[in-house]
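Next come the structures, one after another.
Each of the next two complexes has chain A plus one more chain, namely chain B in the first and chain C in the second.
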Partner chain A sequence: MNEKKALRSMKRKKFVTNSIVHVLLSILAVIWVFPIFWVVLTSFRAEKGSYVSSFFPKSYTLDNYKSLFTNTSVLNFPKMFTNTLIIAIFSCLISTFFVLSVSYCMSRLRFKMRKKYMNMAMILGLFPSFMSMVAVYYILKSIGLSEGAMIRVALVLVYSGAAGLQFYIAKGFFDTIPKALDEAAYIDGCTKWQVFSKVTIPLSKPIIVYTVLTSFMGPWVDFIFAKVICRANADYYTVAIGLWRMLEREYIDKWYTCFAAGAVCISIPIAILFIFMQRFYTDGLSGAVKG
Partner chain B sequence: MANLFKKHVNEFPSPYTVKNAVKEGSIVTKLSMLILGLGNIANKQIIKGLIYLALEVSFIAFMVMSGAHNISMLGSLGDKAAEEVWNEAKGIYEYSAGDDSLLILLYGIASLFVAVGFVLIWVSAVRSAYKADYLKKNGKHINSFADDIKDLFDKNLHKTLMTLPMLGILALSILPLIFMISMAFTNYSKDGDHLVLFDWVGLKNFAKVLNFSDSLGQSFWSVLGWTLVWAVFATGLNYILGMILAIVINRKGTRLKSFWRFCFILSIAVPQFVSLLIMRTMLQPSGAVNVLLQNMGLISQPLPFFTDPTWARVTVIVINLWVGVPYTMLQVTGILQNIPAELYEAAKVDGANAVVTFFKITLPYMLFVTTPYLITTFTGNVNNFNVIYLLSGGDPTPVGSTAGKTDLLVTWLYKLTIDQQYYNIGAVIGILTFIVLAIVSLVTYRNTGSYKNEEGFQ
Partner chain C sequence: MKKKFLALSMATVMCFSLAGCGSSNEKAGGASSSDKASSASSASSSSSSAASTEEEEITCKMLVWSPSEDQSKDYDEWLQTQCEAFNAEHPNWNITFEYGVCAEGDAAKLITQDPDAAADVFMMSNDQLTNLLPINAVARIGGDTEKEVKENNSETMVSSLTVDGALYGIPFTSNTWFMYYDKSVFSEDDIKNLDTMLEKGVVSFPLTNSWYLASFYAGNGCTFFGDGYDASKGIDFSGQKASDVTEYLIDLKDNKNFKIDVDGSGIAGIRDGSIKAMFSGSWDYAEVKKALGDNMGVAQLPKYTLNGEEKQMYSFAGSKAMAVSSKTEYPQVAVALARYLASESAQKSHYDIRNIIPCNTKLLENEVFQSDELVQAQNNTVANTSIIQPFITEMGNYWTPTDNFGKSLRNNEITHDNAADMTEKWNKDMNTSAVN
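== the complex of A and B ==
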């Protein structure tokens, strides 16, 4: 009898803690999802302007999306979108190549400059990344990349040029590939290049996907570098500067709901990429060859 | 501290050094110190020799054409101002081209880079000549050009793979950084109209920034203090709350684990600048949060989220939690599952409750494993530009000051350079940020296991 009572009270205690935990998690989840929910609501709101009088819109419309893509006279969103896409594709190709080659060298090859290079990368990482931004602008200007269509080249260089410093995650991944595989390949007469291209790369799909996606996402989410490099050349703006400008004082009243629509348009593909990538990210951290 | 200054042992000794070339090299080798590639050409490595020679010729041509002039101008940084000149033929005043100190500095530093690069090429050429000479004397095989190419994909693969990334880093990271650092020693600012012509001023800017009695110095120390407070809070709170969240989601009784995880991950998946801009508009005096609270009758006046210094500081820390906690959750979930279950069972037997197990088992274990991660996060938070700039923009800013109450060193740096054109002070701030971070992380990082025993798991 007593035992039954104790069991019941334990069960009840468990039930109470579980309920508390679930209520707490729901509250937290609401806090975390609230801003996202709100921007989706705003993107369908019919009344313009940033000053809301009620939380839920009074009427709903798709006009915000329509005018985002058709009203190109002041802020040309479709053009910004193509600009960003072009820049993202090229900088993604270059930086993937840079990251993979550097991390392979750091992980598998032993040479004189290796430790020095790693220390250098660590020291460079301690400087505020845009401290040299103004200097980068003048360097690009002095080789004629600051005007007209060359701005795109300049942005590609800015996003991918120093990618060789971001080797930590990929190096960690390569470190987990057993060295025995390399040695077996050497015994079969492979050169180092063949080991890299025929043994390591095929085993590294997760980290390649991860590198490709992160570098592809870079230009979509950065706006500081883009702002400094583009200056007033509105023709070459990326979406990030475009969205930022929509919230500036002279545009905010007319463009606020369009900003929300633009934010939704950008966020959906990036969110999908991210959730897809997250699997590779955890795989990448846990290693290539499972025991 | 001791191993910071550990003596380096050369792991890759080579007999083909410049010193040996001077001591033991043949006359051809010694001549190739003047005419690069001569030693290679004499030993039938004609293409390699010609490449060295071509590099030398182009370097000399560059130096004669502009390099030497660029470097010589570094000392004065130019002093010829643009002047109005009467043009007789056109009948108008024209501006004569004056010196632009910024370009002089940039070209000078770039030329110095080229010169250093040439020294490296020279060393490699002399060594290569000596090597060919040495191999020939000992009757060994001398690599043909085809052999060299083959080596680039085998023994010297690192050279092939590292060249382009390294050039990128040199041009877009190191060169601009040195350019910026040298600005810290000039008077390049709108102060005293030095935006076109400026001079070296030595350590004067540093003295000004570090001086307690100067208004700039006072701003610096208060911004530095807030930056450190911010970094400690942002790192520590994110770490602990993210870990608690991960534990709560992972505990046995929790249902719908992947649904909760998805809710939190959703906020990372949205680009940071989008979610931060949304937050900013939501927290304005007439933004969604204030409207909602006023409609519910909870407050009569809008809350001063970004207008009151204390409110603003708390707001940015709290919003940074919103941004950062899901990240920590994502990253620590895997590590948490690695903590040996026996530890928890033993604690349970001893009658420890959840709070005690967290502080006695989970936290110490996690701290042990994730110290490098914590250092990176701390560095990231000191340099956390996005959160501050997009949320509060550093505001509220006291009248007459260049730094706002929520400005970090980085956002202040940005404002000083981009908005207010105090380039020299901005550069000083950047250097000081670097020094603070370097001291904190170098000492900690070099004492962690992952640095000392890098190949422990291979």
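== the complex of A and C ==
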């Protein structure tokens, strides 16, 4: 009898704590998803203007997306989108290669300045990158990259240039790969490059996914450098500048809902890349070393 | 210990090297800019008079900045058309045009970043001079061009671009705000007084925006830098004359027929009919027209009743102008181009294509403009119910404290009890530089 009671009260206790936890979690989830949900709703809103009196749109439409991609004479969103995509692809390739190579060197090779270099990278990394934007602009200008089509090159350089300093996470990951694997490969006659490309890289898919994603996202979310470098050259604007301009006084009333549509569109390439890369997350080290 | 010392020394070295970079850049830029500026301005004043008589052969590139609408196909590529016409008018000049996008209000931001890369000819709103003059980025307009500008523009337009007797741009439109209202709700007599309007329908006003808020205070004797140019006089929002207005605004905000216009709620209210009158500028004309149709009325600012006396509201008026960079290699070409882009015919086509209200007085006598309600409203506002928006450097301290004051009003932080104190504190903030 007593036992039954105790069991029941335990059950009840468990139920109560579980309910509290679930309520708390759902509140947090709502808070977190709300802004995103709202942007998506706004992108389908049929009423114009930036001010609304109700949370849910009164009527829905696809026109915002249509005009975003067809009404290109004042704010050319497709062009900005292509610019950003090109820049993102190139800076993603370059900086992924850089980050992995540097991490590999820092993790596996021993040389004189190694520790000092790592300290230096750490300290440099502590400074906000936009601190150097004026200097970066003048350097790019002095080598002739601040005008015309070279702006794209300049932006690729800016976004991938700091890659050599961002090796800490990848290096930490490489450190966890057993050295025994490398040694076995050396005994079989591998060169350092072959060890890197044939042993280390296939074993570090999760960190490659992480590096690719972060470096691909950089150009989509950066505003400061794009603004400083593009200045008045509207043909080379990236989406960040374009979206910002849609919210300026002279455009906001007409472009507000298109802005939301644009924000949704930006998430598409990043989401595609993520879904494609996601399956590599699970792989990694499984079954590399036995015993 | 050794490691720490090394890290620290590296950090300091880096800091110094970076700091060194910054200042040397600035110095170099600053020095060369002032040199070139003086030479460019002297050249421009002498050459613009020469241009009309005999032109030497010049082949050059001209970089022109304008808002993107002026270059867009939707608006018949106004800028490109005008520039080509200019080229055709000067057979001895062989000009290749390049275009960049820069809205009138962003000119200073882009140019201060790198004055050497500024466009030869750009459009600016007159308040941009605040930041452009200290770095000598704008060339002075002299000679025939100056004479022409003074002949063809109202005194307000000319003085909005004049600093210490020197003219720095060629105006092509005025820039201010006025009142849109619903004719079916308010009669011609109603719109003369804000308080009468509030009895008949809902009025919305951007109380939290410093560009608008000053209008009430300016109506009751508060002044900006004396007549707008004397920095030593400061902004005078002190004492009874200002606190009375604050008291009025507290009541206004609590009026059930009054709504604060914020984040576009005004135009949204006009659309759904919940708001019958709002205050804005020509940029909202098309949308208001679409919402109200034939019932749309546009008018200069009303008066308001303060302690039984009628006071006139005064908006800030400014101008938008064609300006010439002091760094341009061919000042005579650049000045002539700026003059052409702000000429009578260019203003006319700017109006036809983009509804940009002209400011050329000869052009405004034209019947088309005499019968256009928007043009009339804007020009009446500039002539009767506006003060020139001051653009001396000290004006920079006005905006943020005033925005905050408007927000405090909205949030009921300012009440009848503390109105006088809060107004006094605000007055002090406006006259203190945030930087020093």
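The rule we apply is simple: the second predicted complex is superposed on the first by the 268 of 291 C-alpha atoms of A that agree within 3 Å, B and C clash if a C-alpha of one lies under 4 Å from a C-alpha of the other, contacts with A are read in each partner's own complex, and residues count from 1 in each chain.
We adopt the following convention: a contact is a pair of C-beta atoms (placed from the backbone, for glycine too) under 8 Å apart; a residue touches a chain by one contact, two chains touch by 3 or more.
Since the structure is predicted, the reported quantities are computational estimates derived from the model, not experimental observations.
**Student:** Tell me the contact category for A:Leu124 with respect to chain B and chain C: first, second, both or neither.
**Tutor:** After superposing on A, A:Leu124 lies in contact with both chain B and chain C.
**Student:** By the touch definition at the top of the document, which applies to A:Pro35: first (chain B), second (chain C), both, or neither?
**Tutor:** A:Pro35 contacts chain B only, not chain C.
**Student:** Looking at chain A, which partner touches more of its residues: chain C or chain B?
**Tutor:** B
**Student:** Thinking of the overlay built on chain A, is A:Phe56 touched by chain B (first), by chain C (second), by both, or by neither?
**Tutor:** neither
**Student:** Look at A:Phe223 in the shared chain and tell me whether it touches chain B only, chain C only, both, or neither; answer first, second, both or neither.
**Tutor:** Touch status of A:Phe223: first partner only.
**Student:** Tell me the contact category for A:Phe274 with respect to chain B and chain C: first, second, both or neither.
**Tutor:** Touch partner of A:Phe274: chain B, not chain C.
**Student:** Identify the partner contact of A:Leu247: answer first if only chain B is touched, second if only chain C is, both if each is, neither if none is.
**Tutor:** In the superposition, A:Leu247 touches chain B alone.
**Student:** According to the stated criteria, A:Asn233 is in contact with first (chain B), second (chain C), both, or neither; which is it?
**Tutor:** Only chain C; A:Asn233 stays clear of chain B.
**Student:** After overlaying the two complexes on chain A, where does the chain B footprint on chain A coincide with the chain C footprint?
**Tutor:** Residues common to the chain A contacts of chain C and of chain B are 50-53, 123-124, 131-132, 134-135, 138, 228, 256, listed in rising order.
**Student:** So in the complex, the part of chain A that touches chain B is made up of which residues?
**Tutor:** Listed in rising order, the residues of chain A that touch chain B are 14, 17-18, 21-22, 24-25, 28-29, 31-33, 35-36, 38-39, 50-55, 97-98, 101-102, 104-105, 109-114, 117, 122-136, 138-139, 142, 157-158, 160-165, 175-176, 179, 191-193, 196, 217, 220-221, 223-224, 228, 240, 243-244, 247, 256, 259, 263, 266-267, 270-272, 274-275, 278, 282, 285-286.
**Student:** Show which residues of chain A lie in contact with chain C when the two form their complex.
**Tutor:** 47-53, 73-75, 115-116, 119-120, 123-124, 131-132, 134-135, 137-138, 141, 146, 228, 231-234, 248-250, 252-254, 256
**Student:** For chain B, which residues are in contact with chain A within the complex?
**Tutor:** 10-12, 102-103, 106-107, 110, 150, 153-155, 157-158, 160-162, 164-166, 168-169, 171-177, 179-180, 245, 248-249, 251, 253-255, 260, 262-275, 277-279, 281-282, 284, 286-288, 291-292, 295, 322, 326, 330, 334, 379, 383, 385-386, 389, 409-410, 413-414, 417-418, 423, 426-427, 430, 433-434, 437-438, 441, 445, 457-458
**Student:** With touch defined as at the start, can you tell me which chain C residues reach chain A in the complex?
**Tutor:** Going by the criterion above, the answer is residues 3, 6-7, 10-11, 14, 18, 21-22, 25, 65, 67-69, 72-75, 100-103, 105, 110, 113-114, 117, 119, 263-265, 267-268, 271-272, 283-284, 287.
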